[in-house]
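A single structure is presented below for examination.
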Amino acid sequence: MLSYILRRLAVALPTLLLLVVVSFLMMQLAPGGPFTSERPLPPEVLANIEAQYGLDKPLFEQMLRYIGGILVDFDFGPSYRYKDRSVNDIIAAGFPVTLTYGSIAFVLAVVIGVSLGIAAALNHNSWLDYFAVGISIGAQVLPNFVMGPLLVLVFVLALEWLPGGGWNGGKWQHIVLPVIALSTSYMASIARLTRSSMLEVLHMDFIRTARAKGLPSHYIIWRHALKPTLMPLFSYLGPTFVAMVTGSVVIDFYFATGGIGYFFVNSAFNRDYAVMMGITILFGSLTITFNLIVDLLYAWIDPKIRY
Amino acid sequence: MGYLKRSILVSVCTFSLSCSLSFAAGTHPETGEKLAEDQTFTYRILDEHASLDPQLAEDVTGAEVLRDLFEGLYNQDKMGNLVPGVALSHDVSADKTTYTFYLRKDAVWSDGKPVTAHDFVFAWRRLASKELASPYAWFIELMNIENAGAIVKGEKDPKELGVKAIDDHTLQVKLQTALPYFPLMTIHASTFPSPQWAIEAHGKEWTKPGNMVSNGAYVLAEHVPQERSVRVRNEKYWNNDATFIEKVVTLVINDENAAFTRFLAGELDRTKVPTGKFPELKEKYPEETVVFPRLCSYYYNINLSDSAPESLRDKRVRQALAYAVDRKIITQNVTKAGQFPAFTFTPEVTAGFSAPEVPFGKMSQQERDEKARELLVAAGYGKDNPLNLSLLYNSSESHKKIAIAISQMWKQKLGVQTTLANMEWKTFLERRGKQDYEIARAGWCGDYNEASTFLDLMHSQSGYNDSKYNNPDVDRLLKEAKTADNPQENYTRIEQIIAEDMPIIPIYHYTEDYMMRATLKNWPTKNAEQNWYSKDLYKVAE
Amino acid sequence: MRFSLAERFSIFNGWRRTEKDAWTPQELPAGRSLYADARRRFLRNKAAVCSLAVILLVFIFSLVGQMITPWSNEEIDWEIMGSVSDLGKPSLTNGHYFGTDDLGRDLYARVVQGTRISLMVGLVGTLIAVVVGTLYGAISGYVGGRTDNIMMRIVDILQSVPYMFVIILLLVVFGRSVIMLFVGIGLLSWLDMSRIVRGQTLSLKNKEFVEAARASGVPSAVIILRHIIPNLLGIVVVYATLLVPNMILTESFISFLGLGVQEPNTSWGALISEGASSMQYGTLWQLFFPLFFFVISLFSFFFVGDGLRDALDPKDR
C-alpha cells in the first residue's frame, strides 16, 4: 500500500505540471488580456505594464519563471488586476472563507444525506421512503440561485434573524445561510446515491444469505451492507468535497462572502492570469489529493482491490 | 433587524472612541438638524478597487475611496465647482502654460508630517515613470505636462517632468501647450500626493492598513479583499472639525438584487436601484430613491472600417437605423430611471456645453420612423432585399434588454433582421476593438467635465474610436477647439456632422439612481461627475 | 461509440447471465423475453409510468405548444412593456397565458421554446455522460495499473482546468452553434461519472463471475461490456438523473459566455434566473412557470430513473 501511495505521489507532480502548462496556454489563447479594457491603453503605457509583469517575454520563459517562482519561493506572483495584492494574499483571504462554510456544509450534507438515504432504503416503498425521496428531489431541483434569494427573503427580510450576506470575519450569523444554500442540493444527491446503492446491496446474495441465517437486521446492516454501500458514495464525495471547500460561485456572489469561488470567476473574467493559475493549482492539488484518499478508502472497503 | 443594529453600534463604538465624543447626539452647526448618534456610512460596490495607491488606481470605486483617504490640489463642492484642497489658489502665466499653485500650510499627513509641494512632485513623477508602469500614466499625458509623453515612453527621466516645488508650499507646473481645463484635472485621484517615505519603507505593501500614510479626511482601518474595506476619521486632517461621518464601510456585493435586499434589511445606506426597478421602488420608497444625471453616454458603434459590410457604409442605412430607435421607449420602458433620450453624443449636462438641435432630434418619432423607411428604401433594402445585421453586446441584463428592444424596433419598423450576439466582457472588447462586428454596444463616461472628453472619440486617430470613423473636418474642428476661446461653436458643428454621418447611434444619456437612506444628507446629486467626499456627508437622527 | 436501443438491451441480456446465471441454470419461463420482463416490471411501477407520461407531455408541449398562441417568443407587446408588473400578469384575455417577461414578451411562447432547448440539453448531456463516462471509467478500472493511473489523472486535469476558458476558446475557434453547446456540456458531464464507474469496476472485477469469465478466456472488451457495465447500470442510471439538473443549469452559464443559446431564444436556466432575480418585485409568475416545468420534468426524470433501475435489476423482485 505504501508503495502505491508513493507511486501516486510521484505521478501527482507531473500531473500538476501538465495542468499548469495546459491552463497557462489556454488563458493566453483566450481573447483579451488582463489589461484589455473599455478604454484601450495607449501603446506606450501598455508596453510599460507588460514589461513590469514580464508579459513581454516569450511564453516559454514566462512559464518557466512562473513555475520557478512557485518552486523556489512558493510565490504565485502578483495579481494583475488588484495591484496591491499578491496571489498568495488573495488565496489566504478567500480560501479560509470557503473552507469554513464549505466543510460545514459538507459534513451536514453527508450526515443528513447518508442517514436519509439509509433510512429510505431500509424502508423501501414505505411512507418514509417516499418522504425522503420527495424532499431530496425537491432540494435538488431548486437551483441555488433560487434558493439564495428565497432564504434571504425568509430569514433576512421576513424573520429578521440573520444578516443578508457578507462574512464579517466569519461570525456564525454570516455562515448559516451560505451553509444551507450550499448543502441542500449536495445533501439531496448524497441521499439519493446512498439510497439506491443501499438498495442494490441489500438485494445481493450475501445479504440474503445473512438474512436467511437469521442474523439481526442492524447487525447485517452495520457489518455487511454499509461498506459496499459507501463505495459509489466515496467516488462521488471526493470531487464533491473539493468543489464544496473551494466554494460555490453562486453562493460567493449572492452572499458576498469574499470567498475563493468569487475570485475564481472574477479572475477569469478579468483575465487575471496569476490569480487564475493560483486557484487552478489549488483546485488541482486538492482534486489529486482527495482522489488519492478515495482510492485508499476503496481498499479499506474492499480489501480485494488491487491497483 | 434588532441584533443587526446593536452589532453595528457596538462595533462602531469599540472602533473609535470618538463615537461618544465629537458630534454624537449633537446638532448640525449650520442647518441645526439633529445629528444621528451613529455616523457610519455603509455603501455597496459592485467590484473591489484595483488599487489604493493613488498613482495606480484605475477605477471609479478606487477613486471614491482615494478621495476620502487622500486630498489633491483641489476638491469639488456639491455642485461640481472647484474648491480648495491642499492648494488654496493658483496663478496662470500670460501664455497660459505655467500654473503656480499655493498650498495651505496646515495640511499634514496622518503620521504628522506636513504635506508639501515635494509630495506632489514625487507623486506626479511617479505617475509618469516607467518603473511604476501605472495604467493611468496616460492621464499625465492628457494633462499635457511638459515632457510627460517622453517620460512615459521611457525616453526621458521622470525628473524632467514639468513640475517643480518652488518651496515647500508652492508648486509650479509647466504645460506643453495651453489647456483651459487643466485645474479641473487636479481633482483626479492619480494626481493626489503620495508619501515617499512610507512607500520606500513598505514597498508594494504600503497601501495595507497600518502601513498606509494618507492626508485625507480618513485613514484606512481595515481591508478584507472582495468583502469590505473600512476607513475611519483622520484626526490629523486640517479640517477634521468639519467632518461628521466617523466611519465609512465599503461592502463588495456583486448581485444588485442581493444588495437591495440588504439595503431593506438596514445593512446598507446606499446601493444602486436594481436595473429597471426605479419607478416601482420610487412609488414604494419615495424618500429613499434618488436619481440624477450623469456625465455618460450610451450608444451603438457602427463599424465603418474595411471589415464592415457594404450596407453599413451607406450613410442612409446608418441614418435609418438611428432614426428607427424609439429612445422614449428605451428610457421609459426599459431603463426606466429618467435617462435622457440622446440625439447627440455629448450629454446635455456637460459643463459649458449646450446640446445643439440636430435635424432628427426635432422630428416626432412617427416622422423619424417614416423617414427611416424612406431612407432604407432609397438605399435599396426592402422586402425583396432584406437587410441582415448582427448586434454585439457584452452579457448583462440591461444591455440585453436594450438590444432586444432595439432589434425588435428595427424588425417591426424596417424589416431589418438582427442577430443578437452576446459575449463575455473581454471577448467582446477584443471583437469590438478589432472591428470584428457590425453594430456594437458602447458606453462612455467623461474623464472630466468638458465636451472634448466625449467628442475626442470621434477623432480619426483616437484609440477609442471603435467605429473607425474618419472625417477630416471633425479632426480639424477638434484640433481648433483645444485652443479656442469659445469651443462651443466647434462642438456644435461636430455634433451636427455626427448626426449626418451617423458613425454612432446615440441612445441615451445616463442617470444614476440610488436607494439612499433618507437620513443621509448632503449627497452631491448636482455633481454630474459624482465626485463625492464622505467628509461632506452627515446623518441626521430619525 | 453509440448505443442503439437494441445494443443496450443485448447488454441487459448478457448481464442476466452474469452474477446469478453464471452459476445457476436459466430459470425463466420459456417464451417470455427478458426485455418483456423488464418492461412488465417497469409498467408495474406506477410512479415511473406516470413520470414517463409527464415527460412525454412536456415534450409534446414543447413541440406543439406554439400553435395555440398568437405570440412568438421574441415579439414585444409594446402595450405591456414598461408596466409589466401590472399588465404583464398571466391572462387569458390578452393571450399571455403565462404573463410576460420583463420586456413584455410572451412568457408562454418563451417557456415552450426554452423547454425544447433545455430538454435537448439535458438528454444529450446525459447521454454523453452515460456513454463516455461509463466506458471510460469501466476501462480504466478494469485494465487497472498504469493505464488506470494515467486515465484517471487525465480526468483530474480535465476537472481542474478552468472550464470557462475551454468554453471561450470553443467560441473563438468554432463560433456559436447548438452543436458547440453540446460539446461544451459534454466535455464536463462525464468526468464524475467516469470516477464513480471506475470505483465500482475496481470492486466488481474481483468478483467470482468476472474471474470465471476471465479464466475461460473471454476477451477483456467483452467482459467489460457484458459483465462489468451491466452490473453498474443501477448506479449509472441514478447518477445520470442527478446530472440532468446540473446540465440544464450549466447551459445558461455557457450561454452567458456567448457560446450557447442566444436571445431571442431562451432556456429554462435563463428563464428561471431572470425570474429569480425579480422575485422580490412581485412578478412571481416569471419564476413560477419556468420553474414549474423544470421541477416536474426533473421529478419525472428521477422517478423514471428509479423505475428503470428497479426494472433492470434482476435481483429485485
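As written, the chains take the letters A, B and C, and residue 1 is the first residue of each chain.
Keep this in mind: a contact is a pair of C-beta atoms (placed from the backbone, for glycine too) under 8 Å apart; a residue touches a chain by one contact, two chains touch by 3 or more.
Note that this is a predicted model, so its numbers are computed, not measured.
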Middle chain, criterion being Cα centroid separation: A
Chain pair, A-C or B-C, that carries the greater number of C-beta contacts: A-C
Centre-of-Cα separation between chain B and chain A, whole angstrom: 38
Interchain centroid distance [CA atoms averaged], chain A/chain C, Å: 22
CA centroid of chain B to CA centroid of chain C, Å: 47
Chain B: positions in contact with at least two other chains: 255, 257, 261, 424, 427
Two or more partner chains touched - positions in chain C: 164, 168, 172, 277, 280
Overlap residues in chain A, where contacts from two or more other chains coincide: 30-31, 149, 153, 157
Touch list for chain B against partner chain A, complex: 1-4, 47-48, 50-53, 56, 130-131, 133-135, 137-138, 141, 149, 152-154, 204-205, 207-208, 224-228, 251-255, 257-259, 261-262, 264-265, 267, 424-427, 429-431, 433, 443, 463-464
Contact set on chain C toward chain A in their complex: 19-20, 144-145, 148-149, 152-153, 156-157, 159-162, 164-166, 168-169, 172, 191-192, 195-196, 198-200, 202-203, 206, 234-235, 238-239, 241-242, 245, 249, 269, 272-273, 276-277, 279-280, 287, 291, 294-295, 298-299, 302, 306, 309, 313, 315-316
Complex interface listing, chain B residues touching chain C: 255, 257, 260-261, 274, 276-277, 280, 329, 332-334, 336, 395, 397, 400-401, 403-405, 407-408, 419-424, 427-428
Chain B contact footprint on chain A (complex, rising order): 30-33, 35-42, 44-45, 48-49, 51-52, 78, 81-85, 89-90, 93-94, 97, 148-149, 152-153, 156-157, 160, 163-169, 173, 253-258, 262-263, 266, 269-271
Sites on chain C touched by chain B in the complex: 74-76, 78, 81-82, 85, 102-105, 164, 168, 171-172, 176, 256-258, 262-264, 274, 277-278, 280-282
